[in-house]
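Dropping the structures in below, format is C-alpha cells.
Each of the next two complexes has chain A plus one more chain, namely chain B in the first and chain C in the second.
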Partner chain A sequence: MSFLHIDNVKKRFGDTTVLKGIDITIEKGDFLVLVGPSGCGKSTLLNMIAGLDSISEGELRLNGEVISHVHPSQRDIAMVFQSYALYPSMTVAGNIGFGLEMRKVPKPEREKAIKNVAQMLQIESLLDRKPAQLSGGQRQRVAMGRALVREPQLFLFDEPLSNLDAKLRVDMRTEIKQLHQRLKATIVYVTHDQIEAMTLATRIAVMRGGELQQLGTPHDVYDDPNNLFVAGFMGSPSMNLIEARIEKDGEELVAWVETADDRLKLPVVRDREALGAYAGRRVILGLRPEAITDSRSANHQDGIIYEAALNVEIIEPTGADLYVVTMLGGREVNARMRSGTAVEVGQSAPFAFDVARMVAFDPESEARIR
Partner chain B sequence: MSHSSSKREMSARARWQAWLPKLVLAPSLALVLFFVYGFILWTSYISFSASDMLPNYTWVGTHQWSRLWGSWTWGIALHNIWVFSLLYIVSCTLLGLLLAILLDQRIRAEGLLRTIYLYPMALSFIVTGTAWQWFLNPGLGLEKTMHELGWTSFSFDWLINADMAIYTVVIAAVWQATGFVMAMFLAGLRGIDGEMIKAAQIDGAPVWKIYLRIIIPQLRPVFLSAVVVLAHLAIKSFDLIVAMTGGGPGNATTVPATFMYSYAFSRNEMGIAAASAVFMLAVIAALIVPYLYSELRGPRS
Partner chain C sequence: MSTTAPISRASMWPRIVLYAVLIVFAALFLMPLYVMLTTSFKTLAEIQQGNMLALPEQWTLTPWLEAWGSACIGLDCDGISGYFFNSIKIVIPAVVISALFGAFNGYVLTKWRFRGHKIVFGLILFGCFIPFQIILLPMARVLGVLHIANTTTGLVLVHIVYGIGFTTLFFRNYYETFPNELIRAAMLDGAGFFTIFFRILLPASGPIIVVTVIWQFTNVWNDFLFGVSFTSGENAPVTVALNNLVNSSTGVKAYNVNMAAAMFAAVPTLVVYVLAGKYFVRGLMSGSVKG
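Now for the complex of A and B:
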C-alpha cells in the first residue's frame, strides 16, 4: 500500500495543459524530490498536492484517503515556502504556533510544542522576535518550525533553499537531511538544483514540460538515465554525449567514435541486445566524466576498462580533480582524472574508458536504447 | 600671460555655473517667502492687533484671542469640525478598505470599477457640494423624485434640518474621497506576498482571520498615509460646506474655515478671523510636521 499516490494527475489552464498526466507513488518515510528546469510544472504539482491549485483530472491519495478535493487545511500536510511566507506582524513563537492556534489547540499544549520545535531547530532565543529582525537562515528555520510543529503526515518544501547564500545552503541541506532521518518524515521537495536533488532524495522525479521523464532512486537517475534530457540535466559537470556509429565486429558489437585525426573503437558491453538492432546506425553515447579517467584512477575491479591515447585540448584543475578535455565525435568531452596526472595541452595522453558504464541513446527519439 | 587669462576665464565660468541655479530659483523663493510665510507672520500679528474692518496695527495683546474663545459660534465650529473629521476619516478608511478587499478578489471588471470609484476624486469640492446640494434638497432632488414616483410619505430633509445637516456634508465628502482611499489600500493589498496567504490557508485560518490577523496588520503604513491625507482634506472642507449649506441652517454646519471667512469679510472682525486662522494653521502643522519628519527622515536602517 503506497503512502502518497499521484494517479494520472493533469492540470489545464484554459487550452494549455501544464501537467500531462503525472503518475508517482512513494512510500512512508520517502524523500521525493521533484526536479526540473523552470516551467516544467514541478511547483504546480506541489501546489496541487497542497490543495492550493485545483486538479483538472486524476486523483491524489494520501495514506489510503482520496484528498483530490479536500481543503488544504484538512489534508494533514505542512508546507515550507520559497519566500518563507512568515507573518510579519507576529513573533516567531506566534508564527510557529499559528497553525495550532487555528486548530484550537489549548495554550499550554501549544507552548510546549513551540518550545520543543524551537529546541530542535536551535531558535529558542529568537521566539520573541519579529521576522524582520531575523537573518535569512533564521527565517528559514522558523518556516521549517512552523511546518514541523503540526506533525503532519506529509511535508511539502517549495525550493526552500534558493534564497540562501551558497555556504548556508549547503549547511541547511545537511540539516534537512538529518531532520528527515531523525523524524522518519515523508517529504515532497521541489528544486531546480540537481545537486540538492541527488543529496537529499530517496526518490527523484525528473520533470520537463509537464511530463515525468524518470522516477527512481538517485542512483537510477544518475547511472541509468531514461533519456537524453535526464542524462544531460543530472550531474555536474554533465554527462558526455558523444556521437558514434554502432557496428558488428565478428561476434562483438562496437561503437566507432571519430577523434580529431582518427577513429576510436569502443566495445559495447551494456544493453547489447537492444543495441544490436542499431548496427550500422548512428547513436549518441553517454559517459559520465568520472567514467573517462587516467589508467591509475580507473575502476579495474568492477569496470571494463578500455584505454586509448587522445589529444588533450584543455586542462582544468579544480584542486580535488583534474578535468581534461579532448575532442570526440566533434564535441568536447570531459574526463575526470586524478589531481596531478601528468598531461599537457596539445600533447597526447592515455584516457581510460569504463565501457561498463557507457549508455546509448537514439538520436531521433532521444530515448535510451535498452 | 594668455595662459593665466584663460584660467581666469575658466574660473569665472565655474562661478557662473555655481550661481546659475540659485539665480533661477531666487524669484520664486522670494515670492513664496513673501506671499506665504510673510503673510503667515502678518496674519499672526493681526491676531494681536485691534483690526476690525480694515487692518489696524494697534497692539492689543491677547484681546482678540479671548474674544475668539468666548464666542459661541467658534465653539459650534470646533464641535462641527471634530464631528465631521472623525466621521469622515473613519468612514472613508473603513469603506475604502472594504471596497479594496472586495476589489482584490480577482473579479472580472476590476479596472472599470476602480475607475468608477476613483472618479469622484477628480471633482472639486465645489462641484461635489453643488451636486449633493441639488440631490438632497427636498424641493429639487431625491425627496421630490420619490414624491413624483408616488411615494408621498418619503421624507429626507437632513440638508435643512439643523441637527442632521452636518451629516449630509459627511456623506458628500465620504462619497468623494472613499475611492481614493480604496486605491491606496488596493495598492497595499497588491504588495502582500501571495505565499503568505497560502501558508495561512494551510495553517487552517478562515478568510476573515487571514485578513484580520495577517493582511490588515501589514497595511499599517497605508492607514497612516490615509489618515494624514484625510485629516488635512477634512480641515480644508471649506468649499464643500460653502457650496452645500453655506454653514447653515443657522450655524449648524459652521466649521473654523467658514467662521474665519464670515468674520473677516462680512462681520468686520478681522482680528478674530486672524486668530482663528492662526489656530487652524497650528492644528494642521501639528498633524503634518511629524508626518513629514518621519517620511523625509528616510527609511529606518
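Now for the complex of A and C:
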C-alpha cells in the first residue's frame, strides 16, 4: 500500500498540456524531490498535490484516500512556500499558530505546540517579532515551523532554499535533512538544484516538459540514468557524453572512441545484451567524471579499470580534486583525478576508465540502451 | 549628500532666486487663508474700514461663536453647528462603508478572479468618470422610491455609490502587488474567504486605507452638488448651509461671521490631511513602486 499515489495526473491550461500524465508512488517517510529545469511542471504538480491547482485528469491518493477534489484545507497537507509567505501583520507566534487557530485548537494547546516547534527550530527568542524584523534564514525557519506545528500527513516544499545565500542554503539543507530523519515525515520537495535533490531525496523524480523522465533513488538516477537528459541534468560537473561506435571483437563487445590522433578501445561490460544489437552503429557513451581518473585513485576493487594514455588539454584544480580535460570523440571530457596528480597541459598522461560504470544511449531516441 | 567645500558666492545665486520665487508663490497661495483668518477675528466695524490685509486691532471671538451657534441660515438662527453635524453624520458612514466595499471589491478582483473580472473592473472604473450632473435625476428617483429623499441617509447612499469606483480602483491596484502565495498559505492553513480578507489582507492594507479615507473624506465633506440637490432645510450638509449663510440677501453682510463659518467648514479636511498626510503620499507611491 503506497502512501502517496500520483496516478496518471494531467494538467491542461486551455489547449496546452503542462503535465502529460505523471505516475509517481512513494511510501510513508519518503523524501521525494521533484527536480527539473524551469517550466518542467514540477511546481504545478506540487500545487496540484496541495490542492491549489485543479487536476485536469487522473487521481491523487494520500494514505488510501482519494484527495483529487478535496479542498486544500481538508487534505492534511502543509506547504512551505518559496517566498515563505509569512503573514506580515502577525507575529512569529501568530504565524505559526494560525493554522491551529483556524482548526479551532484551544489556546493552551496551541501555545504549547508553538513553543515546541519554536524550540525545535531554535526560534524561541523571535516569537514576538514581526516577519519584517527577521533575516532570510529566520523567515525560512518560521515558514517551516508553520508547517511543522500542524503535524500533517504530508509536507510540501516549493523551492524553499532558493532565496537564501549560498552558505545559508547549505546549512538549511542539512537542517531539513535532519528534520526529515528525526520526524520520519513524508515530504515532497521541489527544486531545480540537482545537488539539493541528490543530498535530500530518498526518491528523485526528474521531470522535463511536463513528463517524468525517471523516478528512482538518488543512486539510480545518478548511476543508472534512463536517458540523455537525466544523465546530463544530474551531477556536477555533468556526466561525460562521448560519441562512440560499437563493434564485435570476437566474443567481446567493444566501443571505439576517437581521440585527438588515434582510436581508443573500451570494452563493453554493462548492458552487453542490449548493446549487442548496436554492433556496427554509433552510440553515445556516458561516463561520470569520477569514473575517469588516475590509476592510483581508480577503484580497482569493484570497478573494471581500463587504462589509456591521452593528451591533457586543460587542468582545473579545485583544491579537493584535480579536473583534467581531454578530447574524446571530438568533445571535451572531464576526468576527476586525485589532487596533486602529476599531469601537464599538452603532455600525455595515463587515464583510468572504470568501464563497469559506463552506460550507453541511443543517439536518435536519446534513450538508455539496456 | 552634503558637501563640505565652501560654497562660492556665484553658485549661491540660483538658489537664492529659487527660494525667492518659492516664497512669493507660497505667500500668494496662503493669502486667501490669511485674509479669512484675520477677517474672522475682526469686528464688523473694523472690516468696514477697508484694511483687508491688516491684522485685527482688536481680536474678537464673537464672529466664531456667532457662526457656530446663532447666525441665521434661512429662517433659523442656530448657526452652522447643526449642519456641521449633518456633514459628520454623512461623512463617517459614507467613508467607512465605501472603503470597505472598495477593499472587498479589490480583494475579489485580484485574489478570487472569475471569468470576466476585467470587464467588471472596467465597468466599475467607468463609474469614476461619470460626471455628477448625469446621475442627479435618476438618483433623485431612486431616493424617492427608497423613501430616503431629503435625509442624510440618502446622501450617505449617494456618496457610497459614487465612491465605490475610486475605492475599488485604489484597493485593486494595491492588492495586485500583494503576493498570492500568502493567500494560498492561508488557504492551506484552513482560513476561509472572509477570514483571509479580515485577518491577512486588511491588516496589511494600512497605507491604502489612509489614501482611501483621505480621498473619500475630502470628496464627501466638500460635496455641494449632491447636498444641494437631494436635501433642503435642516438636513443639508455644512457646505450647503455655508452657501445659504453667505448668500443671504437680508441685512448687512457679516464678513467676519462668513469667514468663521467657512473656516469651520474647511477645518475637518485640513485636520484629516495633517494627521494622515504623510501616509497619503506613501500610500500613493506604494502601488507603483515595490517597497
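Some points to look at:
Everything below uses one rule, namely that the second predicted complex is superposed on the first by the 370 of 370 C-alpha atoms of A that agree within 3 Å, B and C clash if a C-alpha of one lies under 4 Å from a C-alpha of the other, contacts with A are read in each partner's own complex, and residues count from 1 in each chain.
Throughout what follows, a residue touches a chain if its C-beta (ideal position, glycine included) is under 8 Å from a C-beta of that chain, and two chains touch if they have at least 3 such contacts.
Treat the numbers as computed from the prediction; the structure is a model and nothing was measured.
In the overlay built on the shared chain, the residue A:Phe81 is in contact with chain B and with chain C.
In the superposition on chain A, contact of A:Phe98 is made with both chain B and chain C.
Of the two partner chains, neither chain B nor chain C is touched by A:Cys40. By the touch criterion stated above, A:Leu52 is placed in contact with chain B and with chain C alike. By the touch criterion defined above, A:Ser89 reaches both chain B and chain C. The interface of chain A with chain B overlaps its interface with chain C at residues 50-52, 72-73, 77-79, 81-83, 85-90, 98-99, 102-103, 146. Those residues of chain A lying in contact with chain C across their complex are 50-52, 72-73, 77-79, 81-83, 85-90, 98-99, 102-103, 146, 150.
For chain C in complex with chain A, the touching residues are 179, 181-182, 184-191, 195, 199-200, 203-204. Interface of chain B with chain A (complex): residues 193, 195-196, 198-205, 209, 213-214, 217-218. If you check the complex, the residues on chain A that touch chain B are 47, 50-52, 71-73, 77-79, 81-83, 85-90, 98-99, 102-103, 146.
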